[in-house]
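In what follows, chain A forms one complex with chain B and a second complex with chain C.
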Partner chain A sequence: MLYPAAQLVRASVSQFSVTGLSEGFVGLRNYTRLFRQEPLAMVVANTVVWVAVVVAVTIFLSLALAQLLGARFPGRTLVRWALIVPWAASVIMTSKLFAWIYDYYFGVLNPALQALGILSYPVDWLGDDATVMGAMIAVGVFVSLPFTTYVLLAGLQGISPDVFEAARVDGASAWRTYRSVTLPLLRPALLVATVLNIIYVFNSFPIVWTLNDRNPGFGHDTMITYMYKIAFKSSLRDVGLAAALGVVNVLLILLAVVGYLKTVRWREEAA
Partner chain B sequence: MQRRPTLLWWVSSVAVLLAAACDQGSGAKSRALTSIKVVIADYSKDHTRPFWQSLSEAYTKQTGIKVDLQVVDWNSIDQQVTTMIQNNQPPDVLNLNAFSSYAKDGLLHSADEVLSPRTREDFLPAFVRGGEYQGKLYGFPILSSARAFFYNKDLLARAGVAAPPRTWDELVTAARRVRALGADTIGYALPLGPEEAQAEWAIWMWNNGGDWKSGDQWAINSDKNLQTLKFLADLANKHKVTQVNPGKTNRTDGAFQLFKDGKVGMVMGFSPLAKQLDADGKIRYAVAEMPTNIGTAVTLAVEDYLMAFKKPGNADAVKTFLDLYYQPETITRWIRAEGFLPVTRSGLEQMRADPGLTPYLDALPSAKLAPTTDPAWDKVKLDVQQTIGLAVQPGGNPKQVLDRLQQNAAAAGGR
Partner chain C sequence: MRRGAAPRAALALAGLLVGALVLSPYLVMLLTAVKPAGELRTSPPRLTPIDWQWGHFADVMRDPDFLTWLRVSLVVAAASTALVLLAAVPAAYYTARHRFRGRTAFLFLVLVTQMFSPTALVVGLHREFFELDLINTYLALVLTNAAFNLAFAVWLLRAFFASIPREIEEAAAVDGCGRLRVLWQIVLPVSRPGLVTALIFSFIAAWNEYIVALTLMTDPDKKPLTVGITSYVTAYVQHWNSLFAASLIAIVPVVALFALIERHLVAGLTAGSVK
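So, the complex of A and B:
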């Protein structure tokens, strides 16, 4: 793990020709150049929206799904297996499948929504600036659900039934029990699920790359796809500059995770 | 009990790793050459790997030198090649759509070192010019293609368009009529998304008398070019004859897919598209010259390259490999299989016999190439791909986009 990290740092302080040929040490010049890039602010904003919304919606839906899968009902095994499918499929294939579902001319989403009377005219989900991010977030949530649900389900099943029994005897309502008993006891599982999701969603490349590949410019890129474009797909074509962004990305994700853990611990102490 | 690693231990491991990283590459010096690395772009799943695999086997049989063959997807080839060079492990032979940046960086053998005169004399002159950097041939033509104007015969007939449009005015009229056939019908499919926007743009630009450069200087924001880009924006937003969001439509999975599905009246295609259409057998189509605004139709030819990287003692081994590929029957067999066009005189003669290729071969002499001989092009191309589509979106600003491209191109040439 140290070797690639050292390589990344070394590349970030070197100058490279378009071909990838190293032209020597340039100190922090790539970093100062990076912060002068015009699209950077928008890309950072996109990244914050992408990570925050995907993680929040995923956790919220996973809590509900975990509750459902924890309950006994006919066909539970089947549903549990079905939930694994989006996890087992490669994210690239899933993204391509969704690119097709969203397609303006060939996709199934527009006809379905029109048939249901939800839309009166078709929408170019992946071409319209207003809908691209939402379309990507939906796929991000879809592929994050299985893992998160299973982490939370494991957490739920780790809670002793006695606690619920005690809450019932005390006459607590279902909602009250959930808020005052289940959620606090799920805290460790929630913490793990959130931290891992933040890292995973931040670093996710295939979804944004595949669903956004038709759009020129950097209007819907996250910091990960922007890094790739800086290196290979924009007129910058500069692996040194991209490496600088790579280093910034690693630091940022560390900062985000530490920040999250600090906030959570602070709240715990305050409570 | 196990001792925890000390700080000193960590520091020294990092130091060792860093030293290893810095030292990498300088170790591999002149050992006897036992293998060469050949990196080829994947033109098609069916033909590319089998062809180069069998060529490599023939080469190993003849020379005893092994071939480390890597067939790489077009989407990731830039990344992989850059990484190879960054790690000081360049290929011996590389196939790519660019060469001049590598020549500029002094990484390549010129033709004098790795091509036999017989091979070199067989190249068509236009493709030799397209592979030269500072007067020397570094980018050896591997194959070529040319764009042509495809139209759906049934759709044009239903729309009452008797013949394919020859001028831009006729194109607008024809496209409007086709568009009027139904809500889902597209007059002209215009792919200005990032995949290949520079190719689509170049054809329109040339057919209005504009160009990338004027003399040695970039001329991307010329008045002619501005007029062209405004015309394309009008096709999308005023005449509304294109598919939805043309600035955000790619070629392969966008415009071509729509044409193959019978939704499109007209599109600019190339011979591999014809091959796919023939295989599908679903669309009745024909091929014509590009509609032009200046009287003479101009089309785009694309030349892809083979290049040989300078590595200690590899010139002879590479030369043998290239000579093997450039044997007239061998190169033509592959170009035929992939559905592309010849780059050699002998190939041109052989392929004349194929009537399906006539429109492209006829267009080849008057076709123009992108300015791939200028190393700045490698950046300009990417800039065009990432920006020109924005100009044809509603509210786009063609002048601003072209001015910006011009400014960046001039700056890229400066370095």
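So, the complex of A and C:
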């Protein structure tokens, strides 16, 4: 793991020709150039929205789902199997599938929503600036749900039923029990789920890449797809600049995770 | 925790709704997979095919290339999952039970390894394995996958081990259990939900890994499923229905594995162990 990381840092301080040959050490010039790139501010803003909304919605829905899948009801096993499917399918295939479903001309989403009376006219989900981010976030949540739900479910199963029994004997309401007993005991699992989700959603490439394919420029790119475009797709074709962005990305995630862990006071937890 | 017939029916209904919602996109995938090529893009779109072509699945299953990719994926996913669990269990147990200098730093370093996007690392990885002469070997892919997934397993299992009451282990030690036996006979059985989650996570991550395999496995006999099936849709041939059929078949082993171990995700294994 260290070797490729070192290569990344080394590339970030080197100059590369458009054909990819290294032309030597340039110090921090790639970094200063990076911060002068015009789309950067917008891309950072997109990334913040993308990560924050996907992670928040995923955690919220997963808490409910984990609770549901932890309860006993007929057919629970089948629902558990169903929920594993979006996770078992590769994210690339799911992204392509959603691009297919969202499609303005051939997709089934528009006719379905029109038939249900939710829409009165078809929407170009992936072509309209107003909807493309929402459409991508929906897919992001969809593929993150199973993983998050199973981490939380595993955490939930680790809690001894005795404590719920005790809460019931003490006359606590269901909601009160959930807030004062379940959530605090679920903290370690919740922490793991949130931190890993922040990292995975930030680094997620296929969803934004596939669904945002048609739109020119960098209007809906996150920092990961932006990095890829700098290196391989845009007129820049600059590996050094992309590597610099790669290093900045890691530092940003680090900052986000440290910030999150600080606010939930992880240190005490570990003690 | 909730009892009675009415809430159970409501739960079953909610479960049905969740199941239908998560499966509906894949139903579209299935219906597309059995469409003949001429019906793939119709306007207005049709959900169901006019001419059902179930043979697409049999065609894919008979494709010798597909069977090779399937075998590679199974070997790589199984081996890297085994490696992850073998390495993660001791690491997680040690960090959960012992306070040592640099423990926080160690856990954090493990996490930092996750923060590098595989996309950004792939060039360096290729150079590393090229120098080790491991390009086109299972070992390279197994090691990479294991390295990518280790962090999750360590963090998840650590959270689990830490939540097991120390009293259980102390009681076992008093009864003359050695450290390893405590781990094997007490800690691991009690943490089964966590182990199952870590196992399924590692397996799925390795199963679906694409970018590293694309770069490291150039030999056609050594391509895993994710890389292989993209050859159904290229600039020259566009068998979207075969691609979707193959993707659906690729889901089956994972769901089967999950179905096999799902029963270990049950509540209350620690119940009653401490009085």
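Methods note: the second predicted complex is superposed on the first by the 265 of 271 C-alpha atoms of A that agree within 3 Å, B and C clash if a C-alpha of one lies under 4 Å from a C-alpha of the other, contacts with A are read in each partner's own complex, and residues count from 1 in each chain.
To be clear about the criterion, a contact is a pair of C-beta atoms (placed from the backbone, for glycine too) under 8 Å apart; a residue touches a chain by one contact, two chains touch by 3 or more.
What you see is a predicted model; the values in this text were computed from it and never measured.
Give one of first, second, both or neither to describe whether A:Val48 is in contact with chain B, with chain C, with both, or with none.
neither
So, does A:Ile84 touch the first partner chain B, the second partner chain C, both, or neither?
A:Ile84 contacts chain C only, not chain B.
Which partner, once the models are overlaid, touches more of chain A's residues, chain C or chain B?
C
Let me test your reading of the model: by the given contact rule, A:Val264 touches which partner, first (chain B), second (chain C), both or neither?
neither
After the superposition on A, what does A:Phe164 contact: first (chain B), second (chain C), both or neither?
second
Of the partners chain B and chain C, which touch A:Phe98 in the superposed model: first, second, both, neither?
In the superposition, A:Phe98 contacts chain C only.
Quick one: is A:Gly107 in contact with chain B, with chain C, with both, or with neither? Answer first, second, both or neither.
second
Based on the superposed arrangement, let me know which partner A:Leu40 touches: chain B (first), chain C (second), both, or neither?
neither
Contact-wise, after the overlay, does A:Leu68 reach chain B, chain C, both or neither (first, second, both, neither)?
A:Leu68 contacts chain C only, not chain B.
Starting from the residues of chain A touching chain B, keep only those that also touch chain C in the other complex, and list them.
Common to the two interfaces on chain A: residues 3, 6-7, 11, 105-106, 228.
Per the contact definition, I'd like the list of chain A residues that touch chain B in the complex.
Contact set of chain A toward chain B: 2-3, 6-7, 10-11, 16-22, 104-106, 124, 126-128, 213-218, 228-229, 231-237, 239.
Touching residues of chain B toward chain A in the complex: what are they?
Residues in contact with chain A: 13-14, 17-18, 20-22, 78-79, 81-86, 101-102, 104-105, 107, 184, 192-195, 197, 243-245, 247-250, 254, 257-258, 261, 263, 375, 378-380, 382-383, 385-390, 408, 412.
In their complex, what parts of chain C are in touch with chain A?
Spelled out, the residues of chain C in touch with chain A are 1-2, 8-9, 11-12, 14-16, 18-19, 22-23, 25-26, 28-29, 32, 40-45, 47, 99, 103-104, 107, 111-125, 127-128, 147, 152, 155-156, 159-160, 162-163, 191, 193-194, 196-197, 200-201, 204, 207-208, 210-211, 226, 243-244, 247, 250-251, 254-255, 258-259, 262, 265-272.
Along chain A, where are the residues that touch chain C in the complex?
Per the stated touch rule, the residues are 1, 3-8, 11, 65, 68-94, 97-98, 100-101, 103, 105-108, 111-112, 142, 145-147, 150-151, 153-162, 164, 168, 174, 177, 185, 188-189, 191-192, 195-196, 199, 203, 205-206, 224, 227-228, 243, 246, 249-250, 253-254, 257, 267, 270-271.
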